[in-house]
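To keep things simple, chains are lettered A, B, C and D as they appear, and every chain counts its residues starting from 1.
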Amino acid sequence: MSIKTSSAEGAGQDSPSTTAPLSAAARLRRVRWYQEPRWRRLGALLALAVTLRLMTGEEGTTQDLFLALREDFTGVGLWVWLAIAVAVWAVREFLADQTSSAVEGTKKVSAGPLERVRQVWSADKRVRMGVLTAVLALVVFGPLGVERYWQQVLVDQIAIFVLLAIGLNVVIGWAGLLDLGFIAFFAIGAYSAAYWTGSLPVQPPVALNNFLVLPIAVLTCLVAGVILGAPTLRLRGDYLAIVTLGFHEIVYLMAKNADGVTEGARGVKVDRFSIDLGFFSYEWKLDPMPYYWLLVVFIVLAIFLFLRLEHSKVGRAWTAIREDEVAAAATGVPTVRYKLMAFAIGASTSGVAGVAYASKVGYFNPENFAILLSILVLAYVIFGGMGSIPGVLFGAAFLVWLPEYLREWVDPKDRYMYLGALLVIMMIYRPQGVLPSRRRKRELRMAEAGVGGADATGPAEGRQP
Amino acid sequence: MTTETVKKEQGPAGGSAGAGELVLETSGVTLRFGGLTSLDNVELRMRRGEVLAVIGPNGAGKTSLFNSLTGAYVPQEGRIVFRPREGGEHSLLGAKPHVVSQWGLARTFQNIRLFGALTALENVKIAAETRLKSGPVSIMLGLPNARKAERASDRRAHEVLSYVGLLGKMNELAGSLSYGDQRRLEIARALATDPEVLLLDEPAAGTNPTEKLELEELIRRINTELGVSVLLIEHDMRLVMSVADRVMVLNFGKKIAEGSPSQVQRDPAVIEAYLGAVAEEDEAAVGQVVAEDVSGPAVRKAGTREDAGTGAGTGTGAEAARRDTEEHE
Amino acid sequence: MSLSEFWDFLVLGVVLGSLYAVIAIGYTLVYGVLQLLNFAHSEVFMFGGYGGLLALTALIPESTPSGMGSVAYVLIGMLAGAALGGAVAFGLERVAYRPLRRHRAPRLVFLITAIGASFFLYNLAGKLFGRNPLPMPSMYENKKVLSVFGAELTITQVLILVSAVAMMVGLDYVVNRTKMGSGIRAVAQDPEVASLMGVDIDKVVSRTFVLGGLLGGAAGFLFGTNSQVWYTMGFLPGITAFAAAVLGGIGNVRGAMLGGLMLGVVETMTVGLWGDDWRYVGAFVVLVLVLMVRPTGILGERVGRTA
Amino acid sequence: MLNKTIVKLAIPMAVGALALTGCGGGDSGSGDAYKIAFQGPLSGDNVQLGQNMENGIKLAIDQANAGGDLGFEVEYVPVDDQGLPDKATAAAQKAIDDESVVAVIGPAFSGPADTAAEVYGAAGLVALSSSATRPDLTTKGYETFLRAVPNDSAQGAGMAKYLSGKVKAEKVVVVDDKTDYGIGLADVAEKDLKAAGVEVVRQSVPQKTPDYSAAAKNVTKNKPDALVYAGYYQDAGPFAKKLKEAGFDGVAMSGDGTNDAQFIQLAGDASDGWLLTCPCTDATKEDATKKFAADYEKEFKQAPGTYSAESYDAAMMIIEEIKKLHEDGGVERQALVDALRAAKYKGLTKEFSFDDKGEFTNQTIYLYQVKGEGIEYQGSVDELAG
């Protein structure tokens, strides 16, 4: 990237309404040497080098608080990083033209074939079906070839979180409701499974098979979603966020404190999946793969059903509400009903995940439903591209996989530091997510141009007066 | 305001059946925001099949009146009654907006509020679907009634789009249409709900002369061909004069006049309201002043936090801040 | 709960609440100018604790200081906490939020960035300073000095109350009476008008972050003095303070103060009545109930509008 | 714009960072090598405990390798379950997948132990936990699960015995920290105290509570003769401080989670007089223990924490058994399970041996007291309470 293009971009991308007066005002101020872009860039790069040194440097201890700082700032590492920073800066500032032309060149070369692939993709339905079948086959049978450890991760974490993310996508991606308490429904699902299989201190009227618990859990979560949603859905944006967060905290603390009902922090032991039809019986045991296939069935089913919703009147109504609730209501869309519907559908997906999870791990405690997970699932959805099923699938799968993979490369304690940095960087470069939905992409483009707010999570707008 | 005023003029009511019967009636509607009275004891009587225009300077309470009629605002006092064709009556005071829409009142917005990231067709379908019965379960399972509903809404949306002349642009994004097309799409969206009364909030604002003419014709067609009663807020006097059967004038939240377009135009109170002390009878001048006023909403920041009507609060706030800044600079 | 217990818990609640109030101001200020939930503010708070801890660990002598020495060390600790808090807040705005602002990114994106930044910051702190908690070095002998309705207050508690009140009064002055404050209010009300009026939005936003960071950092130091300092210490107080800001009416500085105090008292009373395990249940139930009645918080939104 | 470009430039640098930190793994010894895995919270909320144990194990392995008389290399494999039951099966699988892993120390927490023990059992890999103390773990028939620590029943009973027998307390407040460990311990203490006719008030103060003053007030308002805190030193520290401020003057007692020098550091003089139980024998008197503490501090630049020494012992015991098997021909997973089951080993903290269910046989609880800057050994609870 060259200086010229970057400054041109700067002028082009900044919205005229803020830059024009700003630059006018800026001209009036005296620009000191260190405020010049070039030197500011150097300063920022040096700061970055120091940060990277801290990130990769010595492990601190509480015994000697200054140990890490001392080591980091006196060791060789700092100088290496600073040298890299200066080198990068120099290349960027003084060899900009060469590098940018090289980049342009490769872009041109790759643009041709990519365009052709895209054309074939959109033109031929058979190609699309073929590729989809291949992907599905890979998803179903591929994991047979990986280590059992990864199979476990795939089931316990990736598949479960993918299912959760698909559910949350309905709530936030389609209906635009900022839900920071989604894992509460997951917990309700898991505890339903525990209750109906007779694993809690309080006994159910009849102990059921795990599969039979599924519809009950869906129903329970549906009701819970409506109970939470009905009074809160007139709240908007951040208010809804904090209320859902509060709801999560309340559910979590209930699970933790109501020892007599939920076993509290001791946790619950749940039976695994099993089928007994007389002529055919099967038990899910320790091998992760049967659970995986079961979860794949759930996921595919959820995707299939939800895609129909997205392209129906319900999906359109959600989009309308997300974009402009007032206009949607004026057009006759019962906004509260549709929001409740989104909440309930999301919640019931979460319920399925809860039952599947409880029946897979066999033992869980309230810490499995900590508040951080609600926040993480949200991050998965938005990282992948909210509103887009492929995006959400990718986001959840990738971000769950990444920390596990990072284990091999960095100190496991630091994994979430890198994940956090990745989230920040991603959001700066691809705010729409990795694989955004078409609608969402348009909304963002319009928002950047200064039209509309791009999501319904804006400041509260109460009904007047 | 007395009943005499209403009886006084006999505007040419639209040709549909039941003409003269009141379709929309308000009395004593008063709406306050904090200390600010936005609507003050407003009486409105709208006959079935007529085109009634509401005019008045900016901030006169026209949009507040619309918002009160459609359930977006709940006035503190008064009575708002809507009488649908099939008989009976609904109180609109405090009714939920979507219910008002389903009863048969549809509206457009002063600062166009389309669903910009959806196509024109989808925009209209959303409106067309609100009366169709198909639940999420039947949709997910792909049951026949869901498919039928989908086809019905598709057909209806195509119909409406072709009626307003946007069929050729149905797959374009609403946000990328031209200003005039957006205005028409908004009308189409309102029409798709099958309304008995259509509330148009400054449909001509920001459109060019050709578009204005087309719009004029469209409103007339909607009124006569579809038998929809039209309540119109408009600043463009030429448009008002040509389509309205009757005109009602608001100033500072109060009704100051009502009558046929020509009557109203000559009303001294109206001229006073528009021009202050200068008594000027030239309609053109009135039109011009009003046209200047109109440019306000068009440049207003899109997606503003406040809708029209609460704008007063923001204005003073921003002004206060501006004063502060100046003081300290 | 007897009357004397009631006073005991009330006083404890007010002390805790005043800390929440100071943190909540950080959320509310940023929300006011950017309509952004700065989730990472809890890490600013945490770094404030470490700022004080680092400065005091480096400077404080073996034996507990007394008299003016104590006052000096308290000031040093608080300033160091505020400084590090302010610096982190400044960096956060520069690195994480400014590029998004340039793109007018939707608010959800800001939220995820904030979450990412929060992950990054607390894990970095854990890496740099170890993951065990540490006590603040003793700056004075923590005697009981004051009795309110029979509830006895220690020096630490008095210190928290006095500094929190001082910070809140100071902030209220800054927001309502100074040039910088009028800039903040102008941007809060309408950024575009403000920028047309010649207000440098970037600068105002940056200063708002620093202002919130200074308060959050100082609160972190006070919190550390009252309890201890560790790398995830920001999480729970952060969420509570965020709830407090919403409760008072997010964007409204006085609302944040009120909300903070209220939540502090509600939490402590809940603890007194039903035990510590129900602490947050009490707080969140009150939050939800209040929002049911007043959907935009007790005092309503906006920085500019001063209740 | 500026920031955007900078972040863009940051990516190659970050990649470099990954590469730098990633180097240094992956080389393996040439001769015979056996791996010992540790399963515990190596990231997440309870990482400090995991680190205490990991360091203890690492130290043991390093010392064993440095000894030079093994005839084989011992390698260390960390598997991280974050202290969560749902992450435990995958973590366990990771240890199982690595065929040269012959023994696992852990799972550290009872919850993860409950999910992982079954997987270990199916793989025939020994899981020797030096910290999962929930009593029912050894009653579920997990085939390869051995517990190298007395369970909560023993310690809770010891506490109750001492408070009722020696202190003659009439009213005791029992506070747990809402963790698996704390609740287990508090439950037993509560039950046994009640059985001894003592009035018990049970309270819970979740870990990492932002303000312990209300919790302290809740204790003092009951005017108890004694307090039992079932939790870790991180929370006992500030709690002790606030208890002192609130004017608590009864007997304060806590378990092995608090029996740590850092408790004194965190609580300051408020920790003075606290009674601490521990299934471990005197940790300060013996030369071996002193040497361990010194070595540990030298290696990891911090003092050994809760369970460091226990994990060290566990690792040493396993290495000793491996050595015996190695000399006899070879080390198989199942053989090692059997060997450990029958093993008797005297470590720094206690003597190790297991019954047929894998439960620790030596259930003696010892009492310590904080006095000034140190934790002083008092003797076994049974003897003291008489």
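Here is the rule we go by: a residue touches a chain if its C-beta (ideal position, glycine included) is under 8 Å from a C-beta of that chain, and two chains touch if they have at least 3 such contacts.
Bear in mind that the values here come from a model prediction, so they are computed numbers and not experimental data.
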| item | value |
| --- | --- |
| Chain hops separating chain D from chain C, counting only touching neighbours | 1 |
| Chain C and chain B - chains in contact with each | A |
| Chain closest to the middle, measuring from C-alpha centroids that were averaged per chain | A |
| Farthest-lying chain, centroid of Cα atoms versus that of chain A | B |
| Interface with the most contact pairs, given as the two chains involved | A-C |
| Approximate Å spacing (C-alpha centroids) for the pair chain A, chain D | 35 |
| Chain A-chain C separation of Cα centroids, rounded to whole Å | 28 |
| Approximate Å spacing (C-alpha centroids) for the pair chain B, chain D | 72 |
| Whole-Å gap separating chain A and chain B, where each centre is the average of the chain's CA atoms | 41 |
| Residue numbers of chain C (touch at least two other chains) | 95, 99, 102, 126, 130-134, 192, 198, 277 |
| Chain B: positions in contact with at least two other chains | 301 |
| Contacts with 2+ other chains: residues of chain D | 1, 3-4, 7, 47, 51, 178, 204, 206, 262, 302 |
| Touching residues (chain side chain B, partner chain A) in the complex | 31-33, 67, 70-74, 76, 96-99, 101-102, 106-107, 109, 113-118, 122, 125-127, 129-132, 134, 136, 139-142, 146, 149-150, 153, 173, 175, 189-190, 193, 301-303, 305, 307, 309-310 |
| Complex contact set, residues of chain A against chain B | 305-306, 308-309, 312-314, 316-317, 319-320, 323-324, 326-335, 341, 345, 439-440, 442-443, 446, 450-453, 458-459, 461, 463-465 |
| Of chain D, residues touching chain A in the complex | 1-14, 16-18, 20-22, 25, 42-43, 47, 51, 78, 80, 83-87, 89-90, 93-94, 96-97, 111, 114-115, 118-119, 122, 134, 178-180, 183-184, 204, 206, 262, 297, 300-303 |
| Chain D-facing residues of chain A, complex | 1, 6-7, 9-10, 13-14, 37, 40-41, 44-45, 48-49, 52, 55-56, 61-64, 67, 81, 84-85, 88-89, 92, 147-149, 151-153, 156-157, 256-257, 264-267, 269, 286, 288, 357, 361-365, 367-368, 404, 407-413, 415-416, 418, 421, 424-425, 428-429 |
| Interface residues, chain A side, partner chain C - complex | 13-15, 17-18, 21-22, 25-26, 47, 54-55, 59-63, 65-66, 68-69, 72, 172, 178, 231-232, 234-235, 237-239, 241-243, 245-247, 249-250, 253-254, 256-257, 371, 375, 378-379, 382-383, 386, 411, 413-414, 416-417, 419-424, 426-428, 431, 443-444, 447-448, 450, 453-455, 457-460, 462 |
